[in-house]
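Take a look at these structures.
Consider the two complexes below, in which chain A is the common component and chain B and chain C are the respective partners.
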Partner chain A sequence: MHMNTSPTQATISVSHLAKSFGQAQAVHDVSFEVQRGEIFGLLGPNGAGKTTTIRMILDIFKPDRGEISVLGGPITDAKKEKIGYLPEERGLYKDLKVEECVLYLAELKGLSRRTARERATAYFEQLDLSAHKSKKVNDLSKGMQQKVQVITTLIHQPEVVIIDEPFSGLDPINTRLIQDMLMKERQRGTTVIMSTHQMHQVEEMCDRIVLINKGDSVLYGGVDEIRRRYADNAVRVTVRGDLPDFPDVMETSRKGNEHTLHLPKGMPPQSILRQLADAPDITVEAFELAIPTLDDIFVRVVSEK
Partner chain B sequence: MRKVLQIALNEYKRRVARKSFILVLLMPLIILVVAVVVGFLSASAAINSDKGVIGYIDPSNALVQAVPPPAGSDNTFERFPDRAAADAALREQKIIAYYALAPDFASSGKSDFVYWQNQPDRTVKRAFERFARTALLDGSNAQVMQRLLDGSNFTLRTPDGSRTFSDNDIFSIMLPLGVAILFIIALFSGASYLMQAVVDEKENRTIEIMITSVTPMQLMSGKILGLAAVGLTQVGVWVLAGAAAFGIARERVEFLQAATIDPGFLILALVLSVLQYLLLGSFMAAIGSVVLDVKQGQSWSSPVTLISMTPMFFFALIVFDPNSIIAVILSLFPLTAPLTLLLRYNMTSVPAWQIIAAIALLALSVVGAMWLAARIFRIGMLRFGQAVKISEIAASIRF
Partner chain C sequence: MNKTLIVMRHEFMTMVSKPSFWIGLIGVPLIMGITMGISLLGGAAATAATISNKQNQTVIQGYVDHSGIIKTLPADSKLHSYPDEQAALADLNAGKINGYFVVAANYIATGDVTYVSPEFTPINSPTGNFDRVLKLNLAGGNQDELARTETTVNIQNEQALAPVQSKGGSGLPFPLLPMFAGIMFMIVMVTASSYLMHTVSTEKESRVMEVLMSSVTPTQMLAGKVMGLGLVGFIQMALWLISSVSALNTIPAAASLGSISAGSIIVAIVYFIFGYFTYAALMAGLGAMMPGTREAAQYTFFVILPLLIPMYLVTALVLEPNGPLAVILSLIPFTSPVVMVMRVTATDVPFFQVLAGAVILALTSVAVVNLVARLFRAQMLLSGAKPSLKEIVAALRS
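Take a look at the complex of A and B:
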């Protein structure tokens, strides 16, 4: 994990966004910035306002309040060609052949037919779809349709990719394929905004996140920094043999051979390590700071609210 | 513009490739072929039964002066002394029918018409009437006699001489009716295709991708254009087939030989069709974007369809009193203007100001309706499984 801390101009900047539909307040107060070349996670429970926020960034909805800046200013039709969008509501023309569908959507993003065909062929090869390109979209499995959808999102080599639940419906092999493609996009300097529920994907891929809950941004920052911020003074040890008594430890919980020890404020974890080394008849297999997973933090923040 | 054309091309290719389209395309052709075949068969059957000798019994010698028809005519006439002789000839099928004239035929014109089983066609009656009439003329001047027998044929001309109407030109009435029917089928099927295309976009969930690639206006224009091309293909094939059928029929059917098609009428029909299609199309696209499925769309669109069809309800009034106030109002109201103007055009000389005003009003409405459709589309397009309320539509228009 690494965090982009260079003070470059944000690719996307969202400030105090609000949007209501009739009586329902979908977004109340959301602010964040996405830096160039990072993978940014947009997290939140169902109905938190993620999709509405994305739709406002893409100018599908106008916000009631707040400012949005995309690629250094308000969004324009020309800028839309620099964005690749994979919506939550997946959509392809089911009666078209796979290749025709990809080429059509690529042309609408400003590619020439020739370039579109060259890139499509390469993607079909990469994603194992070459044998299926003449089939109708409707005849593909859900997973294959999802891969075609990803191709239509990336084919015009966008500067910004906004991708909503990219891994839903994919098996582990295809998940890895798509994950690698997104990582490659980042290497190319593409900015990726990814909305997802799969926290381990976020931990693996995202540089920074914002957590939206009930229309408000409640947590925002680098993934590592947030995890450390939410870490208690605790260590996780895996041992063979009986764990000795630690008089200073406030609380101990156990899962198999793995023990989590909660330490009083100010007590350095090394003192535990030292005591373990001195203890007879036990073998230490693992010793680490007990940093909470994003999953834990997500549940904690959302249920606190 | 490039994107608009790409959308149009895609829409065209997808629609024309469907089996249902090919079926719709061929349907009138099949009907036409069947009609022509049946027509020819029945015509030839009729000709066989109506050719031949017609007998007559003339107790008062009223037809002594009558001039027999020229050689080669379908019917010739033979006098019989009494009914018994005529009946015998009829039974032996030497004659196809006979007229038994009343003793006071010269003053009353009364006669009995007797035939065997099948009633002969009206042509038999007309041939005998003509034969009988020649008896009343002295026959000294063949040209004068011919003229009197043929009757008059007035040709009406507008003061500038640009338009003529002839008594014999039944085609003048048939053409606008034919064009009107074609117009209705093509326009309404085109417009309903458009509604389907928008609903499709919602059902495929492609709308969100589309509107992050193109503007709603580009999307709409592309669809409207593409489906107009589909409609034109449809009507084009029908018109070509119709023209071919007309060409064939013209050689055989008498009244068509005098028929001419006014190019002004065709140009007007084209301009009005395009504008009306754009107007209806905008309404249909807006409706397509707020409804959940095609079925709901059809019920929403029925008022628009009904209003556009109004001229057909006033058909008799428009054709027989083409300058009435109702006809003029219907000519100016954008939704009804095209059909009304087409129906009136060959019935009267429609004042130029009415045509210009109607086209101008229609064009303005098209601009307004397209703008409105793009607005409504914006709120309707992302609603899946949930209908849009009227109040939301109103709010989007204000926005």
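Take a look at the complex of A and C:
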């Protein structure tokens, strides 16, 4: 059951957060809001302060400065039970039986043992783990341990899921499994915060992002909006045959049959499309606006800093 | 359910579901019992051997009586009287006697008797024979009166004679019961507190700590672990105590080892609780600081060393349970849990000493728990590196 939050009220709001450990400033000035039911990407290079930010949201660390609001106010023990957390460095009790491990972590999230057992049984069946629930965690393959870890993150049906590097070290099958589960969570209305380096996953899954670099939030907004913001006036064209000369085009680069044409400011891309349609002896296979990938934007923003 | 209680139940159930726990629970008293049995049989065999040897060789003892109490010797006595220790020692060195007793001038008040022989023979000691000589003379040299005192007022006689200050009538000059009580107590405390450290460092090493930290606070976790494993240790100790008391009360041979009084049990419980809190907190702090089980294990010995010290000094402690060494070690909070239990099972300890030791230990446990709680913080628990001394000091000051 989800807590009622008004549509305008952010599920998580972080404002001018700062945190130091001794002389090292891990987070300098980070602000963002996560809306209910969205998948939000928390991006940044290694050591940017992403994990420290997550730990402050979870009340594991106290911020030196700044405000954090979770589900409409300061975090409480009751609210912690509404959050599912999958840290980057995964961990389970290696010497415990799978079921016992899941039940203990579920109980710590406020489930009764009976409810935890019922839900665990359903998850084990869903993820083909029923035959392994009495084995020790250590005896499972890495992929299976990953599934168990996901169960412990979702078993209490959290309102917010915070997942740090969900796809690191996973094969394509397990990557798809996690991806599907996160999409299902979004359909259920769960808010998901995902920290990752895999930009294509972000483009595919995230609604909005914040990019943190050296402890500061440097880029924030919707994925499509940011890509457009960083787009030059350029088109990407794939043709069979020789590309005709375009006198007004400033620069052309080529990768196989794919050409990127940089247009002067104010020149509409349709004029290129019209010229291509009129050109003899070529077949246009693809024509699109050359919007930069998040990967390009990430590198550009981080390098500029 | 309260998070602390969930952690407590988890730690308790995990511990008692381990085969090693049950092996320890049953195995340790079993080994102790067998060892005690062998000692008793050995003592009996030695006595039998002595009787047998008497037919072939004569054991001659001497004595120096500074108190002037010995006026009559039993008819079958092979005792030689010496005016001073110098003369007795000369004959001992010359091989004319096997050993000699020195009765202190204030014997009536203190019961002090010293036995000097070339070798330390705790099991096959001639103390019992000389007891009879002293008892006969305390009875005014009358054999009938001696027989009466031997069969009726044992306790009074023991207090008057008390040659080795033994509380029970074991017949064994070396009191095994306090030694074994001390060993068992040490094992329970070391086991419970070591396992506490192990669980903390395992959670750090396996990285499950971060998931736990998103559900419970470090304080809830520390409290749950300390209580859960403390309960395991308490039950272990209680079962060992019950089985020991039952054995001493029901097995005739074991009864000769002595007895455990209700007062001793209460003292043991109080000292266990505060001693466990002290050591559990120290070990939890060690687990919190070290990045993994291996690093933590390297330092374990230094933390539990004070519990082992009484084991190295066990002879002195149980033979002189009210001596200065025993008194001092039973007041020092890190050794007192084991030493006080040894003392109360060996002799009557003045109440103010029991109380003082308990108060010092309780205050220490409160201080240690408070300090360790400062180390038991998320930053320390999630760190993969060993903290510097500066960082530890900073955490303790926080």
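Descriptive notes on the structure:
Throughout what follows, the second predicted complex is superposed on the first by the 298 of 305 C-alpha atoms of A that agree within 3 Å, B and C clash if a C-alpha of one lies under 4 Å from a C-alpha of the other, contacts with A are read in each partner's own complex, and residues count from 1 in each chain.
Here is the rule we use: a contact is a pair of C-beta atoms (placed from the backbone, for glycine too) under 8 Å apart; a residue touches a chain by one contact, two chains touch by 3 or more.
Model, not experiment: these values are computed from the prediction.
Partners chain B and chain C, brought together by superposition on chain A, clash.
By the touch criterion defined above, A:147 reaches neither chain B nor chain C. Contacts of A:107 after superposition: both chain B and chain C are touched. Contacts of A:94 after superposition on the shared chain: both chain B and chain C are touched. Looking at chain A, you'll find residues 22, 55, 58, 60, 77, 80-81, 83, 85, 87, 89-96, 104-105, 107-109, 152 touch chain B in one structure and chain C in the other. Contact residues of chain B toward chain A in the complex are 3, 6-7, 10, 14, 204-215, 382, 384, 392, 399.
Interface residues of chain A facing chain C in the complex, by the touch rule stated above, are 21-22, 55, 58, 60-61, 77, 80-81, 83, 85-87, 89-96, 104-105, 107-109, 152. The residues of chain C lying in touch with chain A in their complex are 1, 3, 6-7, 10, 14, 202-203, 206-216, 378-379, 382, 391.
Interface residues of chain A facing chain B in the complex, by the touch rule stated above, are 22, 55, 58-60, 62, 77, 80-81, 83, 85, 87, 89-96, 104-105, 107-109, 152.
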